[in-house]
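Below, chain A partners chain B and then partners chain C, in two separate complexes.
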Partner chain A sequence: MVKRNHRSAYLLILPYLLFLGVFLIYPILFSVWLTFHDWNIVSTDIPFVGLENYKRLMEDELFFTSLWNTVRFILINIPLQIVLALLLAVALNQPIKGRGFFRGAYFLPVVTSGVVISFLWAWMLSTDGGIINEVLGRIGIPPVPWLTSETWAIPSLAWVAAWKNLGYYVVIFLAGLQGIPKNLYEAARMDGASPVQNFFRITLPMLNPAMLLVVILSTINGFQLFTEPFIMTGGGPANSSLSVVMYIYKNAFQSLDMGYAATIGLVLALIILTVSLLQKRFLERDTYY
Partner chain B sequence: MDRISRGLKRMTMYLILIAGAVLFIFPFYWMVLASIKTPEEVFDLSLIPSKVTWDSYVYMFDRIPVWGSLLNSFIFAGGVTLITLIFTSMAGYALARLEFRGRDVLFSVILLTMMIPFQLLMIPLYIIVVKLGWMNTYAGLVLPVSVNALGIFIFRQFFRTVPQELIDAARIDGAGELKILFRIMLPLSKPACVTVAIFTFMGPWNDLLWPLLVTRDQEMMPLAQAATLFGLEGQGGQWGSIMAVTTILAVPVVVLYLFFQRYFIESVSSTGMKG
Partner chain C sequence: MKKAMFLCMSLLLILVQTACSSSGDSGGKVELTYWPAANPAEVEFAKEVVKEWNKKHPNIQVKMEPLPASRSSEEVILTSIAGGTTPDITSNINPGALGQFIEAGGMLPIDEIDGAMETITKRTPKETVEAFRSKDGHLYQIPWKGNPVMVLYNKEHFKEAGLDPEKPDISTYSKFLNAAKKLKRDKNGDGKPDVWAINPNVEQTWWQRFFDFYPWYLAATDGHTLLKNNKAAFNNKAGVETVKFFRSLFQEGMAPKSTFKENLFAKGKVSMTITGPFALADLKKQNPDMKIGVAPIPVPDGQEGKRSITYGDPKNIGIFKSTEHPEEAWEFAKFLISKENDRKFLEITQQIPFRKGIDKDPATKEFFKKNPALVEFAEQAPYTRATDDSDKLTDLFEALSLEYQQSAIMGKKDPRQAVSEAEKKVNEILAR
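And now, the complex of A and B:
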């Protein structure tokens, strides 16, 4: 076919590109510009402050607290998610009845608003009348302050987020499992391999791409943590569950410190990009058999 | 493997699956249950209420304009969905079926924009909304978050499978590209449209952060935001009415989900697959 240059193509893309320019490219540049300025959004005087915002960030203990909280959240959330999602996906991958129902049930929290799920679990985990503590009480365990203690706040949030997203990762793992050639298992059976050996020698290595996807997606998700702590703990107690995004929100909308909030946003974006690239670099394995 | 151990294995699998289903469904049941229990019974562990009451709903309807908020949610989520469907299908068509200079570079750039986290954009977007005088308006709520590269990705993928003869025939009949898109490509791509519509709709319907930034008037708040502020405003112990409002927030998406389950799961897994 003759190569043609369709001018109408540009017209078709133009509306999208306009949106992209105004609401994505320009805000990125604007964001970088903001990090070098001090602005409360109201004042007409916007002094250039050089690297002041970055310097302040490096000395800001509360920022590092929020970063550490977020990292702790991710470190608990990811293994929890992988183990449970893998367990359910392996069970779903058997010749069983009602696969559609089970998959559908696991997926329900994925489509439900984080707002719904945060309030729901805030109530279930509550120390005054929450079902979890009530049930624990029946078997003689004193109430655990799931959301109101510095020890438990982050693990509780990590559990709730895992519960919300689990169905999503089950679907990803299931797709990965169904992509593993059956003849690998047949060959292993001939060699007399046990099911446990099968799982660790064949299933897990062959699932590497799915695993990588799950790790990267939940890391990105984890760094964006906002709704759950905003609703369930308010970042407390004593900032022990303050996430980075909540801290951005506080700086921008409680202290009206736009330059500093933009600086944290930019640093967070760079952290997310770097971590996901590193994960891709170090977790990716070639699986040839 | 002998028959007994195979049977055992199968039973274990079912036990795991059923435990999973209970784990994911029970909390929703518990939520709806709390919203219709009497205040005395809310803290009770009974799984079936002795008396059903709508008092929690009445209390909550008194305090938040639920219908107005639902309407705002529909306008917010519907607006974003409509804009995304139209503009990304146009761009997706051009990228899939038309030759033009810079096409591949452009597509790579669009894919790259998917890696930008919202947290980088939220402060400047908020300032843009303020400066345009769009605070507390539907324009401010909808337009800045209507950029969605994933729609382009899915439409482009789907449009590539439409036979070239159909396009050529339409061109011979003198149809312009827009007409080809809306009369031929889109009607043939209903699954793609449903997929894009569903994942786009879900985002703003469930979102809290963006409305929190750009709407301060209760009149203009989507339900997710109104519910959050209601729940956080020290409803000390009023869990029944908080569960009532979250039930109302959950129902539309859950109903959509029950009808379009396959599309939901496909749309969300394709979101992941682009990684």
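And now, the complex of A and C:
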């Protein structure tokens, strides 16, 4: 009798299990299996190569370059994104005129295709004749090679990505802001706290859960950087904006080296997991008032 | 329990499989799937041809699906071979990647089809056809059309700079650079050039080198491709001179070191551009009044005299081994390369079919008169090369491209050092 019940329960969750199995568990297991093999995507001959792919990864300068590029990107992108998103969220939380319009406007880039946005920014950031250098030129600043110098490529991409994703994080912060009890601010006002004190003593600590979420999400997002360099710089110049995921793509679909691409993918996944856990451990605080 | 799960899983898999592989083969009717390249002009041509064919052949219906868009069609075709989703026929085979398709077991040998070779050699010069034969001696591609890469120039700009717009004197490196110096101009007097001489691409993307380094190298070596006996063969004077040439253009400010997402040539912001005939249609749309001249790729000083060789960007027709109807597919291919359709192709896409004497044909005379820029391309077409057929072509060009970028565009590496390091990297890739 008990067994029978179990069976129908399994049957009920079968569609979900199948979905999970086919689109998540199987690909994960397959890619782990791939890291020990050499496969060119079309051949039926898939030789076992042991730890060869891992050994190659440890000696692959270009992998470490791409990792460093991605880390540089994250270090610029995340602070930029958080500060801007927080400022906007606080502003949009005030009873200002046209609040609905602004909330919509800042969210628009999030739902716009990354390819379109990359094209637009590549056009605006062009060294010669791009609108940004044109404006800078008016105030006497010589043209900056935004996308064509090793110094500027990553910061430019970090800016574009921050601009695109801003709206998403603004929404998370807005939700967090609205969850802060009003009586805290009332009490603070009674005690004569200034708006700045309000922000740093009440708003920021109470936003900790939202902040943690934003930091972790944008880190995961940042490590997966692909569209912007793919469209705007092609990873250049001289591989200075080649991201890890772009390098995976190149190995998989240009060099047809699926085993090696899977190895980089797995290592990237482990890096993301570690960083996220560390962030959770060091940033999470319980704040009660 | 495990057993039940396993059963369900396999049932589902079987269902999915049969759903995918059921092909349109009902009531004696044959259905062929045809993938043309996805650019608008070629799709328009394909649409017309398919419509006409379907009207004439009620029993062989062709379904046209533009090649799914991606960075390069090679990736799409390879994944379709791997995934078993190949069409019957495509007209976007890049000879440089064909080796991979054959190795993956994807291509049908054309020379084994009755009468195919005769039809093909009647249309295309025999040497050109033979050059497309694969290492195993079979012909897996029907030579179709090419896009010789040449130098397009703005006649108006040449006149303004005091250069001869009809017979431009840019056939050697020093003549070209001299002209380029005059063409770079600062029109609004802010101390920065606003019209450049030429705009070679600055990105490291591998296939961009098909429009700068590669045609220049072919011209300088009279048609030697980059590899010989599966080894890099470009670390020579021609290779170094080519990098030096582009380095001068960039370092002396004759070419902008920027990425652009607009057509600078159409906007009159550069006087010359390196491209193929496929660019003409768009140029006409963007700037209908521009007078365009076409010149061959320049050669190193002292080598001038005969027509220089360039990259031909050939795209051929291939039939996939997976087809259930090879004969019908060949019939359709024959229709694609018929005289009428070659003419139609030329007129719609402004690309050059590999048909003997197409520029002398009375039927195309009127067309060439209306499109004088195309005459040069049609004349250049026989003097072209493809790329080496290597399954590592992308990686090779990628390695070369990085060194080229550092030396020619960014001016960081000595050209000699860049070329020899590119040689080293290419040989490493080939030995892998």
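In this text, the second predicted complex is superposed on the first by the 271 of 289 C-alpha atoms of A that agree within 3 Å, B and C clash if a C-alpha of one lies under 4 Å from a C-alpha of the other, contacts with A are read in each partner's own complex, and residues count from 1 in each chain.
Operating definition for what follows: a contact is a pair of C-beta atoms (placed from the backbone, for glycine too) under 8 Å apart; a residue touches a chain by one contact, two chains touch by 3 or more.
Source: prediction; values computed, not measured.
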Fit or clash between chain C and chain B when superposed on chain A: clash
Which superposed partner A:Y10 touches (first chain B, second chain C, both, neither): both
Which of chain B and chain C A:L217 touches, first, second, both or neither: first
Touched partner set for A:L24, first chain B, second chain C, both or neither: first
First, second, both or neither for A:A269, with chain B first and chain C second: first
Partner chain in contact with A:G192 - chain B first, chain C second, else both or neither: neither
First, second, both or neither for A:L147, with chain B first and chain C second: second
First, second, both or neither for A:T233, with chain B first and chain C second: second
Partner chain(s) touched by A:S43 [first = chain B, second = chain C, both, neither]: second
Partner chain in contact with A:L256 - chain B first, chain C second, else both or neither: second
More chain A residues in contact [chain B versus chain C]: B
Segment of chain C that clashes with chain B, given the candidates 56-64, 74-82 or 290-298: 74-82
On chain A, the residue positions that both chain B and chain C contact, one per complex: 6-7, 10, 41, 119, 123, 126, 128-129, 234, 253
Residues of chain A touching chain B in the complex: 3-13, 15-17, 19-20, 22-24, 26-28, 30-31, 34, 41, 87-88, 91-92, 94, 96, 98, 100-116, 119-121, 123-124, 126, 128-129, 131, 134-135, 163, 166-168, 171-172, 175, 213, 216-217, 220, 223-224, 226-227, 230-231, 234, 244-245, 248-249, 252-253, 258, 261-262, 265-266, 268-269, 272-273
Parts of chain C lying in touch with chain A, wherever the complex brings them together: 1, 4-5, 8-9, 12, 75, 78-79, 81-82, 100, 103-106, 190, 192, 194, 202-206, 256-262, 269, 391-392, 394-395, 398, 402, 405-406, 409-410, 412
For the chain A and chain C complex, residues of the former touching the latter: 6-7, 10, 14, 18, 21, 41-43, 119, 122-123, 126-130, 137, 143, 145, 147-148, 232-239, 250, 253-256
List of chain B residues in touch with chain A within their complex: 9-10, 13-14, 16-17, 20-21, 23-25, 27-28, 30-31, 34, 42-43, 45, 83, 86-88, 90-91, 93-95, 98-101, 103, 106, 110, 113, 115-128, 130, 143-147, 152, 176-178, 181, 202, 205-209, 212-213, 224, 227-228, 231-232, 237, 239, 242-243, 246, 249-250, 253-254, 256-257, 261, 264-265, 268-269, 272-273, 275
